[in-house]
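My questions all concern the structure below.
Labels run A, B, C, D, E and F following the written order; every chain starts at residue 1.
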């Protein structure tokens, strides 16, 4: 089997969710999905036809085996996913509705991944063109932070491009004696593509983005990022307006080094099926564009298409394929495809 | 276990509902929920942290035991729920969608509750500050009407505050040789808080409310009520506009004796999960405010918050807790709570 | 049992659908519904109280028996549904959401119906006043096309009225050496009522409908049809605007020979449960009006009512009854019917 | 549609059962099956290819319509099932396992059937060769008892054969001021075939059956029956030994007037799926034999085959067809039939 | 609410189990049950009508609230169950079949219970006659061991009887620097009733039980226990033979101080639904006997009855009530109870 | 990814099965499993830790993609599974119980596999040590028969060992103008290991096996096979006795060239969960032994262990792993593995 074009490094989680719009354990049943910010990117790209590998550590039990099996099922190469003693990270999900927001209850402490975060980066990256990481991994503890930095810096040394998704989770960072800006700066410094917005830049760079409109803030934030991180070429993010839990509006922006700004139209998401993983789908869609050699504006469109489609699909993974993205972009409408 | 602050008196019902948006018995499965207008109030208040007791009679079989068990599960004190020969009242529910309204098929005649409506009120009310009843109970027959009146009047004698929810059900009253206005007037005369609107006042007092707008009619109705019922201090109701079965708008008003009028903004409910029990949730939310010592305007806001949240929760019970109501009122939006 | 007033002739299919909004086989479960354009009409009319018979051929196995049993369950007379060797036509359905369209995967080739399409029309039509066919049947192959023509022409000879629903499916016609316009013209020439629009007339008559608005195009198309088909008296169709997969707007038009045009208001369908069979429900609703002796404008209203209601009901069949249509037309709103 | 060969008269019930081996409402879901002793016979015979009609009254609501629809689905002619005001009889079922017996909780009082038991027997029986009744109907109250007697005696007058299944239910008889022996004697006096055993004869005739073995008791009971009921020609029953809830042994006997005794081998039922309706399946299997013109011993074998097969099928109805019975009797074993 | 007669102290767990006989996550669904050795005893006794309280600590989140709610639902007093920071202990269950044993995957480390094991024993035991503990709690770590000892010794001081169920779990003890014999001896020294067998006595006392038959070994073990633990009056255990995963034989013995030996017949369990909690049901059944004042031999019979019944009920809890135990002991057989 | 040790060649099928012990479409739900005789072997070996590849053709649609995804999920290398136009072979399964045998309804004609059976054998076999085929493939038509022969003969040429499982399916062979003995002889002539019994040898070689006992017949059949097929070294089969659908006894024999005979004990399977794929699991277990270098007698034990375990697992695939087989062979019993 040929080596993967793109490697995602991060933790695999099991989602245990209440069915439908029930409250958690309203009835004694849970639906299981595999997720994790970086795994979501891996699956999304594999479903769009790319050769993608995952680098991770799972528990050496039936739960870990399930997580790996699901990645394989969707076409991700798992030769660099190791099984080790410990537990799988879990999260319990209650999907909200209307005026009741969704609740996530994390139960991920002390997982096999956090115990054995470091991998053999030379082997993992061998043959790859791209490494994708997110801000979740360094937030999981000092060893994970170091592992993420090692991976990203090994990629730079090996000439492998790095994309990094900010994904700032304050609660995770607060659980240990952490210095998020310092760690995140080292990671962002390795990236060619950064998925982040003005709030991330405020955390990482202390940067003020005082434009009146969100679009202006994003442009300012991108400017700060390009200044701070010389390797960086693309700065991208989504903008979301939530009318209620089921009805959102989504758009996206991408700023190129040099200042060129791309923006998408606003899409109404009137009946959100599952928003978890929407940001990861966006990242995957943008990377899909870049892997295909598309110009940045088209990559951004792919990203927003993938993000919108994800909101219609149950589970953490964006199962939409290349054809679905193309259909979205073609604006052919919503007829039943027979 | 300490005695309950608030006692709800009424019948417990079992809902047997078609799954999802199926028509009744389209597939041979039914989902079961426990309900009943007063039990819904009891559970909602218990979930918000109040000490609540239920006074009722259930069938002395597995169905009755289930109904009691569900109340206990949600924290309601059931020491005053008795088991007696007879059947449980049932209702079959087909939840509609779009242009197809929901259908309720009652099968509640001759229940254990209606056979043994009278309870020992002194014991039930011992230590309580509040008694809640609704217009469903007196509609169930002469003995039930008498029992409700006895309960309410015993509360007045004992210095226990009474709240009464009109809940006028013409079909139930028509099933026996009833005089609804006379009975309801005796009950409303005991109440400090009345959940009712201009249609109820037309039935009970023959009162004309001829204002052009609904808000004006409610104020007129409240005026008639304050005149007729000297104990009454608060008159509250919701206003609902239905664009279709899934898309409503909800707001609420509360009129204080003396004429002070409170009103909430209108909230769009764009994707109604389950509207059964919405009115009971409103009553519970208002009572929550009063039990907390909040001013009337804030109590009204709590009521509307609880009512809106109920529309997002499957089943008759409003499972939202105090934190959910506070989140709603904080207008912090619809992000996933992690 | 008395003979049927109306006979539907066509193939019965089994739908195997992913649950809820899952992608196909995302979880290893399929929900089964019986369908078929003409069977959908038959069930809808039977549920509205008409004596309806189905003429068809099913596989002589448990799947065929199930399809027949479901028709019987809903009150359709199945004495003219024969069991014969071969397979049942299947289709796999993935119901979309938001920006992800639904997908139908047909697996209906070489079915028992296509192998044994011809029936004894004199027997089937004995006692009937009406025969309903659709453009699906002739598209299934030369034998099916001939059988449909034979049935329709036998009806004309026997003084049985014919209704025909265009239901043009390009993929089916392309699977064999077909001449759709020639075949469809022979069928449409037998019809009193034609469910079709300007796109159908472009295919069948090569007719240009160049009005600026859709309404104008429909009127032009009807004009062409009345000119080409002297038996034709009514030309009807729906107009659909799709904001996304879950949110449509639906209206309908009916043109009478002589040029009288009827049109309905536009109805918003904000939360589409299942759109499959919506067009068949429209046809059934219009035929319901005609069978009741209603004027054309009222028949059209019934048709749109049935179509709108169908979108709220899972499965291919419109299970709405006469009372549901009347409730829709009464505009009494969306209260729970207790 | 041709008239039915055999008519079954009795009440249709809805079973609401806990899934699998759960206790009742352990989880809040119920599985629905249609049943009723006589309906079970009707469906079983229809599935074996006979023309069978049901005579009954159901509630004029969605539950009644469902019960009728299920009979139609399985091929029973329902033209003599009427809809009338009232409720459907229900029963709640908790299926046991191992050492925990199954529990049935009846909720069938005051049903539409008991309110409107009398039918127009001449119309119902027109064209029929056989009428089947059971001891459940007369136990439901004085009107039902009279209706059953009227039906049976009308059959005798019309030259229609009567079969009667004892089905003695003490609790039902005790609910009213009944004289079971007198009523049952009038019914049994009309029967050609009686499904009953020594316990029934003790109740009905006060007959002592003091043989040491069960087989001897059955022969004695048959002797008493032949003496008391001159029309009677066949006396049949099953014998069941229960090792636990899941593991039974089943055999059957049939005694002919004149004393000829037929007995089947004992069949082990090691994994009982659903025993409800086993006795009704036996009756249907015996009647199947008689309707086919088989000798009494073969009819008995069909009866036991049907009874054994029923224990493998969920629900009240025996869905086994003629081929299944023949396969059982062929002793071809238990290979997968491909 | 009156104080509880019997208090159980121990951890509450959530079971997440694969449905039916599926392997873990073969399909992505989990069924949830609440359990825990001591909670199982509490629920069983509450279902048999005793006033039982639970003393424990749960996580202060929705999972902990669910566990408490389930205890309340079944009638257990939970005023002494506290919510504290931390996680809920989980276990994943794959129920085996035939030759495939069941697998339990524990994920219970670092739970809220183990972080906050100590409770205010004086308050918990106030008014109680009995305290029940098991060997699971002390195995969870030093603090838990100390808490269990404190509880048991506080009971002795307060004149509350102690029952102790050995429940030796080697893996739990091995996870920390433990001295099981020393800890268990201190606990057993407080007990009046000990549920244990010769394997437990080998661990705790190093006692050799060299009789040829199991019965003899149990008597020897009891002798060692009576010698070592002067407070001890009853020594009881079950004996299980497993033919395969679904087919067991179960019996039980109880030895009284002074040497009187009681033994039950052997009961075949041919179709085990769920064996988890069988030992806890036994303990509860024996305690039920003692609480009722039954002689030891009868208490033993109740214990075995409860244990056998538990094997027929899904979940950790024995939901059988007093009537079920009496039915079992009456040997009335396995007829459907109508 | 390293190349596979063993390649399986054959068709992938989708099983659509009725839930539990329901009759087909008794409720409108189907459970989906992926299967196919050779795929079952592949998955079983992959789960036991071997590097296994599948060679096949699936439909180029969502159903084909699902089948491939499931193989990948379980660790099978699918680089040689191609997607091509056409349909997926389906089979509908009704799992029997007690005296009701299971029914399989095949709907596999004209599949993508049968249209494109031939593969590039040099590529598929590159690096493999073993090729496994079964008698299902050549039965599917002339092209499939030729493809199977080509594959097997290419293996011989390449020095790859061949194992062949007879799997004689008369109905498939009868569907075309076939000469089963001639084709099967060519295939068996390539095999080192043959899974077959005396019935297969009667078909293929016309061999008489007239020993009184089954064991003797198997030895005779093996003798004929060794004589006819010089490459053959091992002849193995299971023996099954069926007491009813749920209760079987299973044993197995293996005969070595030279006459050494190995036999296993008889194992009771008292509660068969799913017997489909039991023979394939046996073949996989034997091959597991050989791939591990075990002596023939031990390989046979592994085979029977895998076969017995398969009967406890829902679906076509034997999901038991190496540890499960070892546990079975260790005879450590049926305790819950914690």
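As a working rule, a contact is a pair of C-beta atoms (placed from the backbone, for glycine too) under 8 Å apart; a residue touches a chain by one contact, two chains touch by 3 or more.
If you're wondering where the values come from, they're calculated on a predicted model, not measured in any experiment.
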Going by the touch criterion stated earlier, list every chain that contacts subunit D and also contacts subunit F.
A, B, C, E
Name the pair in B-F, D-E or B-E that forms the same interface as D-F; by residue number, over half of the contact pairs must coincide.
D-E
Between subunit C and subunit E, what is the separation of their C-alpha centroids in Å?
63
What whole-Å value do you get for the distance between subunit A and subunit B if each is reduced to the mean of its CA atoms?
45
Going through subunit E residue by residue, note those that touch at least 2 other chains and give them in order.
20, 23, 28-29, 103, 270-271
Provide the residue numbers of subunit F that touch subunit E in the complex, in ascending order.
20, 267-273, 308-309, 311-315, 319-320, 324, 327-328, 333-338
Would you mind writing out the residues of subunit B in touch with subunit E in their complex?
1, 69-70, 72-75, 77, 79
So, in the complex, the side of subunit F touching subunit C is made of residues 16, 23-25, 28-33, 61-63, 66, 87-88, 90, 92, 94, 103, 105, 107, 109-110
Within the complex, which stretch of subunit E touches subunit F?
20-23, 26, 96-104, 106, 169, 171, 242-247, 270-271, 275-276
Give every residue of subunit E touching subunit C within the complex, in rising order.
27-29
